[in-house]
Amino acid sequence: MPTQPLKEFREFRERMNEVILNAGNLTINRFFALDGRAYEPGALGAKTKELLGLVSSLVLRCDDCITYHIVRCKEEGVTHEEFLEVFAIGLVVGGSICIPHLRRGMVRLEELSGGTG
Amino acid sequence: MPTQPLKEFREFRERMNEVILNAGNLTINRFFALDGRAYEPGALGAKTKELLGLVSSLVLRCDDCITYHIVRCKEEGVTHEEFLEVFAIGLVVGGSICIPHLRRGMVRLEELSGGTG
Amino acid sequence: MPTQPLKEFREFRERMNEVILNAGNLTINRFFALDGRAYEPGALGAKTKELLGLVSSLVLRCDDCITYHIVRCKEEGVTHEEFLEVFAIGLVVGGSICIPHLRRGMVRLEELSGGTG
Amino acid sequence: MPTQPLKEFREFRERMNEVILNAGNLTINRFFALDGRAYEPGALGAKTKELLGLVSSLVLRCDDCITYHIVRCKEEGVTHEEFLEVFAIGLVVGGSICIPHLRRGMVRLEELSGGTG
Amino acid sequence: MPTQPLKEFREFRERMNEVILNAGNLTINRFFALDGRAYEPGALGAKTKELLGLVSSLVLRCDDCITYHIVRCKEEGVTHEEFLEVFAIGLVVGGSICIPHLRRGMVRLEELSGGTG
Amino acid sequence: MPTQPLKEFREFRERMNEVILNAGNLTINRFFALDGRAYEPGALGAKTKELLGLVSSLVLRCDDCITYHIVRCKEEGVTHEEFLEVFAIGLVVGGSICIPHLRRGMVRLEELSGGTG
């Protein structure tokens, strides 16, 4: 499947999160709050937590979640080599079925590096 | 990933179902018949069965199945508040990995309500 | 794998939930609260919500979750015929890979009916 | 988790299949018939179809399904080397998360060979 | 979701595999080598192994993997009737949640047959 | 399902790994080597990599894999609070369907702490 440009993904994500949160279901809204809270620094730092989110997204094979955590990892200073080591673990744990998601994840890294990959 | 307009989804689904059923594999054809049969009203009504189909599609993270069951739920009179409660259960059971599918499901609700969400 | 008697399952579940909640991680504790909250009656009644929890557990193939929701469904007055219709939908959606869980679910129904199934 | 002896597995499977089929849900009964039918020889032979059932069970990580298809594969004359090649594909596709199921599958091969593995 | 034309899929796959292999992570590179190796003929022939890859991809619901193995199966001489029998097993094992992937798989068969399906 | 004592798990794991590696399938043996290699310290340290293995095991819901990585994490000095933060992320990402695995994971932590939890 073709990869949606990062900018489009972000706009869609923001618009729909707003639609969801405005819908007024308390359980959903609390879940979203909890989802944010889980990645706040604690005994483990924000960077480590984002790496955990990224590898989980890869083995569960969710492109949008992979994109989101790649962006956040980048903000936390994750290097290209570290990204690859996370991908390697996800690949070994989750198998070749994860490869298409790895390909699209690498496109995100390219986009975030200004196309130099 | 971008969401396919509902009309396109329906045309593609209908055309390919026809291709599949005309291919002449008896097991596949019986499976499709069984798939229809499972949602017919019995001890549980059609509405409840469609809600079961919807929540299953959400936790198994299949956009096309979510779209199909949202359309059917709407036909059975499921209200906006009821949709949200099904989504809330799917989200709690299946986790944040379901959020991208929830976003695309909300787009379907918008489409079916003429864009007013 | 052999099925654990219902009484043992309940004791283990209660003891470990206590261990988890006493461990003092706020995100986990809030998640547990949210998990309870999602099944409280709202636009949809408690019975319908438990059916949603049951079918989700079946298609995601979690024996302990199936057991828990069968017990709760029974408390909400779900009949034998209704259980079977939920199982039928789960089976069609999730496929034959769910059959071993269906077998163990039927053992639970037997246990809850005093062995008469 | 400990592996249930093959004899126990078979007795449990047979008893519960009977309970399920006697429960009288037509969708479930037709699904079971279809499940049998899918593996009958056609354009592909019974052996190839059982190999397909086995690898599917491994990547979906269902011990009971793996056991069932190992027994059936053995009946269709699958050799030790062929079993290993199916496991290798399952492992590469499904990842290291399948290894515990591979271990228990190897126990089944040992049981079926009289313990000589 | 719309299906990407086969030509585009192939170009994207090739380009990104090159990006991944050039990134220089030894674990990832060895995994890719192992992924190729698993399908080489051994006790089981290349055709049977590709059928195993295809059914695994279907039950795990990965469109790109399904596309790849359909192409490879076609190269190994898999007939239309044999494809349908693999799909039938995948459908019964994996359930109706696989139907959207079956639809898109049928599009690939159409493409590879010059549109005559 | 009842939890197997840690000592039994270890003995079974070691014995079956030996059986598998002695079976002589080169793809499987290389996969096992790669599985070990993926967790060796590189740009990311061994502790971080084990945390990645643990959260992947939790969201993919594999008790044996959770047990293995809890033991390894403990060896790498992961604290009780850090374990809980990994579990919290796994729970939020993977949903309530992971709770039974979390319960059994907590039993492992109890066992490794001499029962004091």
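For reference, chains read A, B, C, D, E and F in written order, and residue numbers begin at 1 within each chain.
Note that contacts are C-beta pairs under 8 Å (C-beta built on N, C-alpha and C of every residue); 3 or more make two chains touch, one makes a residue touch a chain.
Note that the structure is a prediction, hence the values are computed from the model and not measured.
Engineer: I need the common contact partners of chain B and chain E, sorted by label.
Structural biologist: Both-contact set = A, C, D, F.
Engineer: Tell me, which chains sit next to both chain B and chain F?
Structural biologist: A, C, D, E
Engineer: Which is it for copies chain C and chain E: same residues on both faces, with over half shared, or different residues?
Structural biologist: Copies use mostly the same positions to touch.
Engineer: Sharing more than half its contact pairs with A-C, counted by residue number, which one of B-F, B-E or B-D qualifies?
Structural biologist: B-D
Engineer: Taking each chain's centre as the mean position of its Cα atoms, how many Å separate chain C from chain D?
Structural biologist: Distance between chain centres, rounded to whole Å: 26 Å.
Engineer: Rounded to the nearest whole Å, what is the centre-to-centre distance of chain A and chain D, using the mean of the C-alpha atoms as each centre?
Structural biologist: One centre to the other, that is 36 Å.
Engineer: Among the residues of chain B, pick out those that touch two or more other chains and give their numbers.
Structural biologist: 1-2, 27, 31, 34-35, 38, 56-57, 59-60, 65, 81, 84-85, 88, 91-94, 96-97, in rising order.
Engineer: Draw the chains as points, connect those that touch, then say whether the picture is a line, ring, star, complete or other.
Structural biologist: The chain contacts form a complete graph, every chain touching every other.
Engineer: Quick check: in the complex, which residue numbers of chain F touch chain C?
Structural biologist: 1-2, 61, 80-81, 84-85, 87-88, 91-92, 96-97, 99-100, 102-104, 106-107, 110, 117
Engineer: If you look only at chain E, which of its residues touch chain F in the complex?
Structural biologist: 26-27, 30-31, 34, 37-38
Engineer: Flag every residue of chain C that touches chain B in the complex, lowest number first.
Structural biologist: For chain C paired with chain B, touching residues are 34-35, 38-39, 42-44, 48-49, 51-53, 55-57, 59-60, 65, 79, 81-82, 84-86, 88-90, 92-94.
Engineer: For the complex, which residues does chain D have touching chain C?
Structural biologist: Chain D residues touching chain C: 1-4, 8, 12-13, 16-17, 19-20, 23-25, 27-28, 31-32, 35, 56-57, 60, 62-65.
Engineer: Could you pull out which chain F residues touch chain B in their complex?
Structural biologist: 59, 91-98
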